[in-house]
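Heads up, the thing below is written out as structure tokens.
Each chain gets a letter, A, B and C, in the order it is written, and its residues are counted from 1.
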Amino acid sequence: MERLHFLYYVLDLAGTFAFAISGATAARKRNLDLFGICALAFTVACGGGIIRDLCIGAIPPAGLTNWQYLAASLFASALTVHFFPLVQRLKRPVLFFDSVGLALFAVTGAEKALHFGHNGQVAVMLGITTAVGGGVIRDVLLNRVPVIMEKEIYASAALLGAVVVVVGNQLPWVTANWAAVTALLLCFTLRILALYFHWNLPTPGSRKTDQDSD
Amino acid sequence: MERLHFLYYVLDLAGTFAFAISGATAARKRNLDLFGICALAFTVACGGGIIRDLCIGAIPPAGLTNWQYLAASLFASALTVHFFPLVQRLKRPVLFFDSVGLALFAVTGAEKALHFGHNGQVAVMLGITTAVGGGVIRDVLLNRVPVIMEKEIYASAALLGAVVVVVGNQLPWVTANWAAVTALLLCFTLRILALYFHWNLPTPGSRKTDQDSD
Amino acid sequence: MERLHFLYYVLDLAGTFAFAISGATAARKRNLDLFGICALAFTVACGGGIIRDLCIGAIPPAGLTNWQYLAASLFASALTVHFFPLVQRLKRPVLFFDSVGLALFAVTGAEKALHFGHNGQVAVMLGITTAVGGGVIRDVLLNRVPVIMEKEIYASAALLGAVVVVVGNQLPWVTANWAAVTALLLCFTLRILALYFHWNLPTPGSRKTDQDSD
């Protein structure tokens, strides 16, 4: 139990940091000012978790009350601003950090919803929300259609991770630790493979209307 | 009481289905992928209700916890994807389904707020929120100014429906069932008439600045 | 205590009115209809506060339950619509009202979070949220990147105000009234000076990519 709690805590912080990097990078690319960069880093990192906490009744949301999340976001912002040329030269750093955060948040989001006594469906829905919520808010604030709705398998990977957590928690012979680790690896691997091989979900609209996308 | 509860339940599901069709259609038109279509269908269908539930303290929100809402959204998505050419040939199907959902959600939203013991103003505000919230989120996600703020009488119809529910619940000689049905018919009729006759609320800005809309 | 409560109440209403003017003006400029103007006025005025109330567990949010907020928003909308030529001729009226509301909301938002027993970080974060939340929602609804992330010192002024409230409340020799008034004046002055002298936060991205802002 002690160890699970610690694993949960470390994963959550690592995911926060990963998403904050992704948010700060997007903000830096759009020439937002220093506050905008920090705010977007924090929003991407904690936005999904805050929505999750509101939905499960964890008041006040952990993202607001724990200084670690804020500190991780500010640290990620500082790194991004300072080493931006480096960050930009690395191949697809935003996408990589995004994938790490995606897997971590889908798992910890589903775990927390179960921990608060909600049913499997709530855990799956909020696992996905925790994982993709911050990115959706980022895209809405940067005034573009959320990338998760158009690009390579993304939220579907979060769905897989959350489902594995929920199923694993209902099988008597699987410990919660193993369920979490398995879910994490599956989600991250699926996402990275999708990026590498350009796996996409079917896009029903593109069969006929590929040319005239409005 | 039993019957009211059943009416409430059926109306809610029908509204969910109607809004999900509208969300899936909008997503399909923008060439989102399969997940995007399902996600937008669910968001339009349940987004307003989730905001309402957060505001009245119904934790976790019904949209997340009841499988029926999710099932209705996924079913509507499947229908929309499969029969899209048909859906598109029907005249203004999105607008029609939107009107059905609008009336249903304004009424059930106001009912639920009253049921949770909140005052008439909260019920009216959250009736409108339930009715138009999903559509506003849809438009924000699809990166356009919410259509409800520019087009034919829409939120005003939801306002009418919610007010009739609240007033009806305070008159001793009106049963809640009758108030709900009356509100439903009034809201739906007003919306359909507004669509047909192009009734608009006055637009103060258009008198002088019609040409230079920024 | 009585007096503090009254001060808190008056400040809150004045802030609501100021933000509603700003929301109604933005909506009027975009040629939204009468409902759109009232809705945007209310959203800018109460949106930040509603998010704050959801996060601190003040259910239902004060913005929905107190008729004064709604009345102030509708009154501000009516004034804006009726006297729009006048409002437009005044120099930067939106910016001025925005600054008043900013200072008032940063202070009352932080006060309310402390009053509900949350820690200083929550109070600072929610003071900022109360102050800038409505404006962010306005910009998202009007389909543009939130102005607070690009322009003159804005959210930073709210940060200053909220921090002064929190620090003032922890110093034994400072009354809450004095902390609030000091925070209010500091925040407002910083914002107005920033507007006048075009003070900006550093924009890390603008050093090299000034020309090609995407």
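Operating definition for what follows: contacts are C-beta pairs under 8 Å (C-beta built on N, C-alpha and C of every residue); 3 or more make two chains touch, one makes a residue touch a chain.
None of the values given here were measured: they were computed from a predicted structure.
With angles rounded to a multiple of 5, the C-alpha fit of chain B against chain C returns 120 degrees of rotation.
The two sequence copies chain A and chain C touch through a face in which the numbers common to both fall below half of the numbers used overall. Here the spacing of chain A and chain C, counted between their Cα centres, is 29 Å. Listed for chain C are residues 54, 140, 143, each touching two or more other chains. Residue ranges on chain C touching chain A, taken from their complex, read 54-57, 118-119, 121-122, 125-126, 136, 140, 143-146, 148-151, 154-156, 159, 200-206, 209-210, 213-214. Within the complex formed with chain B, the chain C residues making contact are 27-37, 39-40, 50, 54, 59-61, 64-65, 67, 70, 81, 84, 140-143.
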